[in-house]
Amino acid sequence: MPGEDAVLLTAEDYRRAARERVGADVWDFVEGGGGAEHTLAANRRAFEEVTFRPRVLVDVSACDTGTTLFGQALRSPIGIAPTAYHRLVHPEGEVATAVGAGTAGALYVVSMFASRTLTDIAAAANSPLWMQLYWFTHRDMVADVVTRAASVGCTALVLTVDAPRIGKRLRDLRNGFAVDPAVRAENLDEDLLAAVHEQHAGRSAIATSAELTFDQTITWADLPWLRSLTGLPLLLKGVLTAEDARRAVDHGVDGIVVSNHGGRQLDGVPASLVALVEVVGAVGGAMPVLVDGGVRTGTDVFAALALGASAVLIGRPALWALAAGGAAGVGDLLGTLAGELEHTMALAGRPTVADIDSSAVSHRW
Amino acid sequence: MPGEDAVLLTAEDYRRAARERVGADVWDFVEGGGGAEHTLAANRRAFEEVTFRPRVLVDVSACDTGTTLFGQALRSPIGIAPTAYHRLVHPEGEVATAVGAGTAGALYVVSMFASRTLTDIAAAANSPLWMQLYWFTHRDMVADVVTRAASVGCTALVLTVDAPRIGKRLRDLRNGFAVDPAVRAENLDEDLLAAVHEQHAGRSAIATSAELTFDQTITWADLPWLRSLTGLPLLLKGVLTAEDARRAVDHGVDGIVVSNHGGRQLDGVPASLVALVEVVGAVGGAMPVLVDGGVRTGTDVFAALALGASAVLIGRPALWALAAGGAAGVGDLLGTLAGELEHTMALAGRPTVADIDSSAVSHRW
Amino acid sequence: MPGEDAVLLTAEDYRRAARERVGADVWDFVEGGGGAEHTLAANRRAFEEVTFRPRVLVDVSACDTGTTLFGQALRSPIGIAPTAYHRLVHPEGEVATAVGAGTAGALYVVSMFASRTLTDIAAAANSPLWMQLYWFTHRDMVADVVTRAASVGCTALVLTVDAPRIGKRLRDLRNGFAVDPAVRAENLDEDLLAAVHEQHAGRSAIATSAELTFDQTITWADLPWLRSLTGLPLLLKGVLTAEDARRAVDHGVDGIVVSNHGGRQLDGVPASLVALVEVVGAVGGAMPVLVDGGVRTGTDVFAALALGASAVLIGRPALWALAAGGAAGVGDLLGTLAGELEHTMALAGRPTVADIDSSAVSHRW
Amino acid sequence: MPGEDAVLLTAEDYRRAARERVGADVWDFVEGGGGAEHTLAANRRAFEEVTFRPRVLVDVSACDTGTTLFGQALRSPIGIAPTAYHRLVHPEGEVATAVGAGTAGALYVVSMFASRTLTDIAAAANSPLWMQLYWFTHRDMVADVVTRAASVGCTALVLTVDAPRIGKRLRDLRNGFAVDPAVRAENLDEDLLAAVHEQHAGRSAIATSAELTFDQTITWADLPWLRSLTGLPLLLKGVLTAEDARRAVDHGVDGIVVSNHGGRQLDGVPASLVALVEVVGAVGGAMPVLVDGGVRTGTDVFAALALGASAVLIGRPALWALAAGGAAGVGDLLGTLAGELEHTMALAGRPTVADIDSSAVSHRW
């Protein structure tokens, strides 16, 4: 069980360690959510409303957290969610994240707003990389990123669909938060970014960036264009309802990431774990459903798997670990979480990921 | 998105700004509710018990908050609720409120206890004005106000039906609150008001005023007399039950404002948002249903619309904005709320007011 | 509306005033409950879980709180519950309580442990008196009290059935609380009381008293003996279940007081308002059902009536008023509560007690 | 009612007294739970969600807490749960616990990790002893303990099935808690224990011990081997689901202890009282079902019995009493709890244990 010998025993420990290393406005950017942050809180609360139904007298001498997604073996069903600008919290940025993920044999979904080049990230990676995409008005920029992602070996695309605009993040607005000009979206067009990175007095540069770049017109009818660029599996990230899950099935999408963007977009949407149950029910096994938002422990991972997730992604915890310990921190945290999951599997009497079905939990919502 | 560049980002910001500018007893008069203020708290809590069901991959490049009420176009479904004596918080009183509403193209329901003359208010107005009425024992005084309201261009009447007496507002009773004699109900009879405005030691002058003037005998049978005075649409404000909503339909009323008087009348009645669902169900589309009570953000507006409201009215927030910034403050706050609504529509995948139907939310009560 | 001109606007105000006048151990005796005081808290919480369903456009110009119980007219359905030893909080004790009740035209249920003689209490009374009874092992003592109660004009008997023993009141046990020897149960046998009032070091004298005197063997089969003593109506106080309510009907009891002894007996039993609904359903109108426990405002009274109570009794609030202002305090508080009830009736559109039916409320338990 | 004359009136009083006598890391070892201690809290909360349904006019002059388990008479249905290393909190350890249990005529389940020899414990005992077992990889060690337990007169075996591994007890991990080397598991093999008791820097020696010794492979198929060692009744401790309860019936187990190990194993499992209801329903009377976890008062015992438990076991409270007062403390606390149970039976109108059926309670989960 990694981490047990260290001071950093839990993800929350990494959070405290990170807080000491990161400036106040970056901390708010990482930690904050949209509006009154109700959804941010709901993400955590939902996990506390799950209870486990452990089985006893099961042989748990060899619990195995391994799983497979789109034919790729993963050492655990715990991956890293796409988050922007890792160099805000650590000088090596996404390269260190990729190294840490590789140490743990974990999936890493690279953000389109990564602050290291795809080439550098892929060179450092030693485990599956997926590429996250926003749909820009400059559609050729999307095509360019997709092409480069495929060329460096990314094995799936994750299109974010809950952000036609950036959410009202009041912390950033009050801080007038702007990304440090030295931290750039290295995989996007230079000229556009020059405009984006200008400081707008009293405004959030993140929001400004989104306004300048995100295409608010795209609909389901535009997906074929994206699919035409590559044969990689395409997942939609940000689906929260059965209606949209069924549309995703109908449109031949390859997977869904149930997500409320870590509570950073529309405040008041359901906890991602609650939405997961609805989406899984609607998808009916037609494709893998992943989830992010509020996962902080291996017991949380177990809960999500029992409620139908094929895997979970961690966002903020990966940044905490990166800030606290660089690549080693990321690897250690992923190991800690996998260890907690394995421990939960043992005590719940479910020695394999396939054993973690809906009989393993009940929930109170 | 108005307000984003300013320090005043949310209605709550205006509240804080207002508190610094208004005396303690006036503040209690504005902020307080009836009894133990359970309903006051419930009004807010109900909005927090709504969750949104956002749809993705919808073209939201041109979201439109515009709507129509009784044939009148409004730039947004956010209007100003009738509240008394605006000069208590700003020297220009209701004239400034009307100017601010006009800036935002918003509906303004003028209180019968306005502290500026209807003539002055109407002259400043640049958006629809409606006239709120209490039913006085001096019935000719009601007739007189109705006539003048129609003559200055008010386009609807809103009869308050939840106040045969004024609620037990303990803050005012403990403060012995009396309205500053310089702030008068400029549209009511001088002699009667002279009596009303005498200070009653240790009592609430507001309560005394109501006792002297409100007719506690009126019933549904009296509505025809009121309707005989004018052809303007008549709305009832303060309906909270399906039973009364059906009676309103049966009596040919033109609209309902679901309201608990901002929690200032009978403490213990339901949150207005909860009552809205019941009333909308009973009315069955026969007439527009508006709601006030607890609306503080554009997401709140979205929730109310999804639950069947044709529009919402804001009471205390308008006074906060008036206190904090006069006409400009009122206009800015209305713009902020409309911007938040538009933002919510974009992120929820409902680009027009007509798209905001019951599929857009769920609630936990 | 009595009380509005005074500093003492609500029962809670009387509580604060009383606290300053009463010693700490007597205060604990008055305020405390059994065990962990969960039921004590539940009594209040239940009232906060009721919401009102007000009707509008009802003639409420003449609301009437008057009601009738066992053929006796009462100015309001708010009476005083039996509580022991009123001289602990005021030198005039139950005589002052009776005077205060008379001022308000309110029912007063005298405790068997009254600290003034029945003769003195009755002489001061100017409104209906009922007599509360515990069933003693010295059965002739019960008979004696019943005879004297009837002779001084009490018009009903209230047998407490929830106290075969006294509850575990930890505050009293920790205080080693003993009733001041100068405060005696004036209507009980001298010799027995001499033993009872001996101080037992480190024990609660109240509990000791009960152990020495209460008959733990009595059952429904013993009721005929009690009824044989007098033709007065007999009510059972402390019934909390449908099962016992039906037995009461079967045994020809005349009325029930739903009560958990103010949360002072078995901790963990339901709030009295919750039990009221169950008991009223089981009784089906066969007899009057009263309730005590947690009533602090006129809106609470309205809630209890709407849920089927014929009247409510107040325990601690009467002691607060007695401590704070003697007879005048008791009268003022009863007037305040009746005024609050009348106010609630007006704003709820129920001008008579008979109008306060189950359509007037909903509840969340 | 024992305890009433003392300062130690409730189990909570013993807790406070114990805290002053025990070192901080031992205190954490006793008090702590697994993970975020949600289950630890849930154990208590469940009891607060039970309400009693008291019957009145029942003869409660002779309430009897006596009961019978596996043919053995017990003075009350309150026994002592197995907990390790009693010498951590009192020099006489389990011998004092046994003396205290004997004083109260209470069942005592001795832990396999007792810090006094079975011979010494049995010599001091004056009431039924049962023997708790973990299933070690050194199977002959299990057989040895079973043989010795039977030889000293233990009358049942309790196999713990919820601990193939030790839970993640963060308090112990952060404290680097190791059992004082002078406090040994006196009934286990010396050489193995020498290894176990080595201090592992920064790790919990308790967890280390479990890793070295517990057999994680055992399943239902292994139970016949254990049964072949002795004819004593065999109970499974740690069953939480209907599925496993039914399997226990099918495998001819003699009894179940519904338990979540005091919240010390998998965090997030249900409160034991909640699981009790499920297990009792599944067992359908086929065998006795006991419960531990969160019992702190006699009213808690009453609740568990009403929900189907044949008896309850107390874990931490016994250690508090042992720490606070040695054998006398244990006896006094057991007497206090039995007195509280008897008191509850009297006030609930259930004079015998058999009368405490499901009609006596309702619950809110």
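Per-chain numbering from 1; labels A, B, C and D assigned in written order.
The rule is short, and it goes like this: contacts are C-beta pairs under 8 Å (C-beta built on N, C-alpha and C of every residue); 3 or more make two chains touch, one makes a residue touch a chain.
Only a predicted model underlies this, so the values are computations on that prediction, with no experimental measurement involved.
Novice: Ignoring chain B, which chains remain connected to each other?
Specialist: one piece
Novice: Please identify the chain with the largest separation between its CA centroid and the CA centroid of chain A.
Specialist: C
Novice: Given that chain B and chain C are copies of one sequence and touch, is their interface built from the same residue numbers on both sides (over half shared) or different ones?
Specialist: Under half of the interface numbering overlaps between copies: different.
Novice: State, to the nearest whole Å, the distance from the C-alpha centre of chain B to the C-alpha centre of chain D.
Specialist: Roughly 61 Å separates the two chain centres.
Novice: In whole angstrom, how far does the Cα centroid of chain C sit from the Cα centroid of chain D?
Specialist: 43
Novice: Residue numbers in chain B touching 2 or more other chains?
Specialist: none
Novice: Considering only the defined contacts, which chain D positions touch chain A in the complex?
Specialist: Contacts found on chain D: 35-36, 38, 161-162, 164-165, 167-168, 170, 173-174, 201-203, 207, 216-220, 222-223, 236, 238-241, 243-244, 247, 265-270.
Novice: Which stretch or stretches of chain A touch chain D in the complex?
Specialist: Its residues touching chain D are 4-6, 9-10, 48, 50-61, 297, 299, 303, 340, 343-344, 346-348, 359, 362.
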